[in-house]
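These are the structures, in structure tokens.
Across the two complexes that follow, chain A remains constant while its partner is chain B and subsequently chain C.
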Partner chain A sequence: MSFGKFLLKRSLQGLVVIWGVVTVLFGLRAITPGDPVNLIVDPAVDQATRDRIREELGLDQPIYVQYVDYLQDLLVGDLGYSYQSSRPVTTMVLERVPATLELAVAATVIALVIAIPLGVISGTRRNEPADYGATSFSLVGISTPNFWLGIMLILLLAVQIDIFPTGRRPVAFHDALWTFLTTFYVGDLLTWLHHIILPAVTLGTYFTALITRLTRSGMLDEYGKPYVTATEAKGIPGVLIRYKHVLRNTMIPIITVLGLQFGTLLGGAVVTETVFSWPGLGLRLIDGINNLDWPLIQGIIIFIGISYVVINIAVDAIYAKLNPRVIDE
Partner chain B sequence: MTEELLRINGLSTRFFTEQGQVNAVDNFDLRIDRGDVFGIVGESGSGKSVTARSIVDLIESPGEITDGEIWYNEPDLADAVREDRPEAVDGTFVDLRRISPERRRSLRGTSFSMIFQDPESSFNPSLTVGEQIAEAVEVQRRASANPRSTRARTRSEEYSLGSFVLSSFLPSKRYVTEASRERAIELLELVGIPDPVERADEHPHEYSGGMLQRAMIAQALAGEPDVLVADEPTTALDVTIQAQVLDLLDELQSETGMTILLITHNLGVIARMCDRVGVMYAGEIVERGTLEDVFDDHVHPYTEGLLGSIPDIEGEAGRLQPIDGNVPSLLDHEMGDRCHFADRCPNAMEDCLEHPPEYDAEGSNDHAVRCVLAAQEYDERRAIPDGYFDETRPAGDKHVDPEDADEGPTVDEPQRPLEEPGGESP
Partner chain C sequence: MISDRIKSNLSREFRESLLAKVGLVLLVAILIMGLFAPVLATHNPHTTGYFDDDGNAYPPMGVSYDSHQWVDGERVTYTAEPSADHYLGTNNIGQDVFSRLLFGARTSLMVGVFGTGLAVLIGVPFGLVSGYYGGRVDDAMMRVADIMLAFPSLVLALALIGVMGSLTIPIPDPFVFAGVADGMPASTPLPGTVTLVVGLVTWVWFARVARGEAMSIRNEEYVKAARSLGANDREILLKHVLPNSLTPVIVLATIQVAAIILLESSLSYLGFSGTTLSWGYEIQQGQDYLRTAWWVSTVPGIGIVLSVISINLLGDWLRDSLDPNIEGEGGGAG
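After this line comes the complex of A and B, so read on.
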């Protein structure tokens, strides 16, 4: 199978998954008790107004008609209107994407920058002090809940020592970058960096710990394989064996975890965003849930679902490039 | 004219496992002449592979070469070493155990190459075969651009993490150059891979086992080595492919004149390929000599046993004679100070309770045997009674295979006597 065919196949599979997510969400909404009209207007409003609203929303139609309407709207990117604010959900979702994306990327960058060197050191100096340090760190990192870590970081570094802000995102990265590129003013970028460090560390700690462990065990695993001995026998320098052969092969399973985890970061930043009042999708989702704002909840979940699928396809593509056996299997 | 190339004295390689110390190679002596094909034959667990790896310096924890000298005849190397380590040089010979680890490593691929048993697991699955062979070419190319006498001084220019990082951004800084890639394709052609240009860009899983073993031979030849160590090169292949691979090795040997150390449990392979043979048992060579010495004039009952377990397609159809029992555990505390084969030997005598020295035997000058039968006739009155060893060595087998200790679980080699697949009769 060629690479293009492989990608096409994965994309079609992804479409099926998205359709599944969308349908399940529709079903959940349909079986949720309570009249949506009550969420939009006061329950005391007269029946005529209620009927009018019901008709406007299409809720008077049979369920299958509602379903088809819903799919048609989705295809053109229309996620409906928020019950709470009457704004288009699509806008409400998209305007919050950059903040969440920034946080997820920052957390991933922190994780990779720390975890891979740590894992490599740990895996090549097994049972030496450096290895014990790295394994202890990753054990603590994996077992620390991030809402607790976030609060502790705020208490320590924002309240007691006051070197970091407690939260919020005063400037968006793309705006800060634009300012920098047009006026060479770095202030905004630094402000952004200053604000994102604590949330990114909070979100990325578990991830860092996980990747450290995976890298360590993966390296140890790979070093035990006969091809490493055979490569040594060729006289290849140790550095090249470690990075070009062993680390490269170790990264193959890690890429998968990385992709899956990045998807989780997008959706799972809810807690971190709440702790740091980071205005991302997670915070908006919590708002939506608190107000039973179905179109909003639905829109955010669909968006996260689609992101997850897209990331997975991208991961598969990278995986196939790294490990050519995948395409043939 | 023959010239000695390798002279190994008292080599001991031990594995320190939880069950105790395993003497995989014990006080091992060997002489190999330049241009010879020397075969080491023995059952699984007799220490053959560990011997090979000790020579190429591939012993890893928990294993360790604890003793011995490996003298390698290489005038250039001797000149280079003489300055800083005169004790490691004797004429044109250099003791590889006493030179620096860096210099020892620099001999891999250029002076010593190795072919492994299982070609499929001996290639990195995620790089193309061409790339992996080109790497080996590159090692040789850089070594010859940087002769041995100056290599010690240029050590700081060795490949570092910095060079690796740089190479991932700048294609011109890549370790493997275009010239090496082209040479890799030539090598693939040399070992008889069809369409080498396309094949070079394929990954190991796209090759068949026999093709991959050819590719591994190409890779081993890349460094134009003095000594090619072939560790069970045909064991993982089916019989028709085995013959092709052996033919190829034979052909390449006569073309290049390289020395081959062939490790195998297959006497048929030995008979077909080798000039000289060493029969290995429990970490030592028990009988060595020319092919004729070992096949026709052998003295040691173990050699006799090995040969007795080969089917003879021309002779009468009788039952094969297996050697009773298993190879000893090689655990230090269980080895004892006797002839290690005595417990399985049909002709064991009281004298065998002491570890025998190496005796000269009839035949060529090289023929030597580690067995008292070379010096005296078997005397039934002095035979060790049956069951004598059952008390000293528990029947519940604490068998530790030194190769297992080295590589983890290996391919399940049958613990039965040797046989000759495919009837490749000598």
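After this line comes the complex of A and C, so read on.
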């Protein structure tokens, strides 16, 4: 199979998954007890108005007609209107994406910057104090709920020693960057950084722990292979072997796991955003669920599902480029 | 099933592994805490209000905990500090933090074990059928699994709770009925919706593991032999494939209990628990009072971390000794 065919096949499978996600959400909305009309207007309103709203929402149609309408709307990017605020859901989702993206990227960067050196040290100095330190850290990091970690960070670094804010996002990264590029004023960027550090550490700790573990075990596996002995015999310095050859081979499974764990990252973002009042998709999802605002819930979860599928196709594509044997498996 | 070789492997690894012992001791301690909560607790976990050393009642007469009172811009609370009467202090409405820690262990362990049990009951048959039959059946069933995986477990759990609402099942307390736990609640609420939901969002990991096992077992000589002796698919699945795929399922189930405890705590932190006797709920309650009462949020969090660590240590030990190559959510935080 060629790479193009492989990509096409994976994309088609991805489409099936997205269709499944969309259908599951339609089903969940349909079986939710209660009349959505009551969520839009006062339950005491007269029957004529209720019927009119019902008709506008298409709720008077048979369920399969509603389903087809829903799919047609989705194809053109129309996620409907929020019950609570009557705003278009597509806008409500998109305007919250930057905040969540900032958080997810910052958390991933923190995780990679800390975890990879830690994993390399741990894997190359097996059973030395540094290794014990790194493995204990990763055990605790994997076992700590991120919302509690966030609250403990607030307690220590925002309440006891007042060096970080307890939450909120006073300025968006793209705005701060724009200000900097146009006026060379760096203050907004610093404010942004000051506010994102605690949430990003909170969200990133689990991944730091996970990647440390993976890097360590990957290094241990790779070190047993003959090519390492061969490069050592050629007199190539240890640092170069560790970081250039061994680490590169270890990175392949790490990238795959990062793709698969992307969902966990977004799930973690929901909780982290709640702890720090970070105005992203997660905080809006919680609002939606508290109000049973199904168009909003649907819209956010569809967005998350599609991102997950797209990221995993991209990861598979990178993987196939790095290791063409997988294409034929 | 579990052979003698595996048994000797388990015991050798256990003798050698200090961490496994630490994990076991911790877990037994937490199990005792949860199981005997009505006996060990010093106060009814629902009782609000307390007395100070001079016998003065808090909150004072006529003051309610529910009405949030503000004096000079500060929220007034009657939170007691840790003392001889309240080992770990009280929370913002004067409930005993120590007693709530014990009952919280009960909730976490119950949801962890029942939720995992449900996930096994759905996931293992699904995976075995998919892997055993292979071909188109497998393709279709694995697409279903892919769809499940495209939802982050926490997000799907939230959506399902939105559909089902919060259901609680009261579980009678044996100690109260035996008359040894005076003044304790007569039953522990099991958050029914949450238990159901955590099983429904995590079964797919068991399906994947069981499928992998079934795929390799179906081509074994003894399965071929059984088939040529006239055994039908159902008999083969139940008598041969199921027993021989249990080892990795047991390892995964151990780790999943930890993952589900974390998931339950996240859900109750976000306000979707169905019971107030939950560590996550308690942490959420304490978040507003970090300045005046740090212990309210801190104590239950330590409970979560220690339970999850102990289960993960035991899971690592099982995995190392049985050494199946399995993947799973691990102790997925959040």
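Convention: the second predicted complex is superposed on the first by the 309 of 329 C-alpha atoms of A that agree within 3 Å, B and C clash if a C-alpha of one lies under 4 Å from a C-alpha of the other, contacts with A are read in each partner's own complex, and residues count from 1 in each chain.
In this section, contacts are C-beta pairs under 8 Å (C-beta built on N, C-alpha and C of every residue); 3 or more make two chains touch, one makes a residue touch a chain.
Source: prediction; values computed, not measured.
Contacts of A:Y308 after superposition on the shared chain: chain C is touched, whereas chain B is not. Contact with chain B, but none with chain C, is seen for A:G224 once the two complexes are overlaid on the shared chain. When both complexes are overlaid on chain A, the residue A:A233 reaches chain B alone and has no touch with chain C.
In the superposition on chain A, A:G167 makes contact with neither chain B nor chain C. Of the two partner chains placed by the overlay, neither chain B nor chain C lies in contact with A:G259.
Once the two complexes are overlaid on the shared chain, A:T274 sits against chain C while remaining clear of chain B. In the superposed three-chain model, the partner touching more residues of chain A is C, compared with the other of chain B and chain C. Listed in rising order, the residues of chain B touching chain A in the complex are 56, 58, 60, 105-110, 112-114, 116, 118, 121-127, 132, 135-136, 139-140, 143, 158-161, 163-164, 175, 203, 205, 216, 219, 222-223, 407-408. Those residues of chain A whose C-beta lies close enough to touch chain C in the complex are 13, 16-18, 20-21, 24-25, 28, 31-33, 139-148, 151-152, 154-155, 159, 203, 205-206, 210, 260, 263-264, 266-268, 270-272, 274-275, 285-286, 289-290, 292, 294, 297, 301, 304-305, 308-309.
For chain C in complex with chain A, the residues that touch the partner chain are 143-144, 146-147, 149-156, 158-163, 165, 258, 262, 265-266, 269-272, 280, 283, 286-287, 290-291, 294, 297-298, 301, 304-305, 308-309, 312-313, 329-334.
By the touch rule above, chain A contacts chain B in their complex via residues 224-227, 229-237, 239-240, 243-245, 248-249, 252, 322-325, 328.
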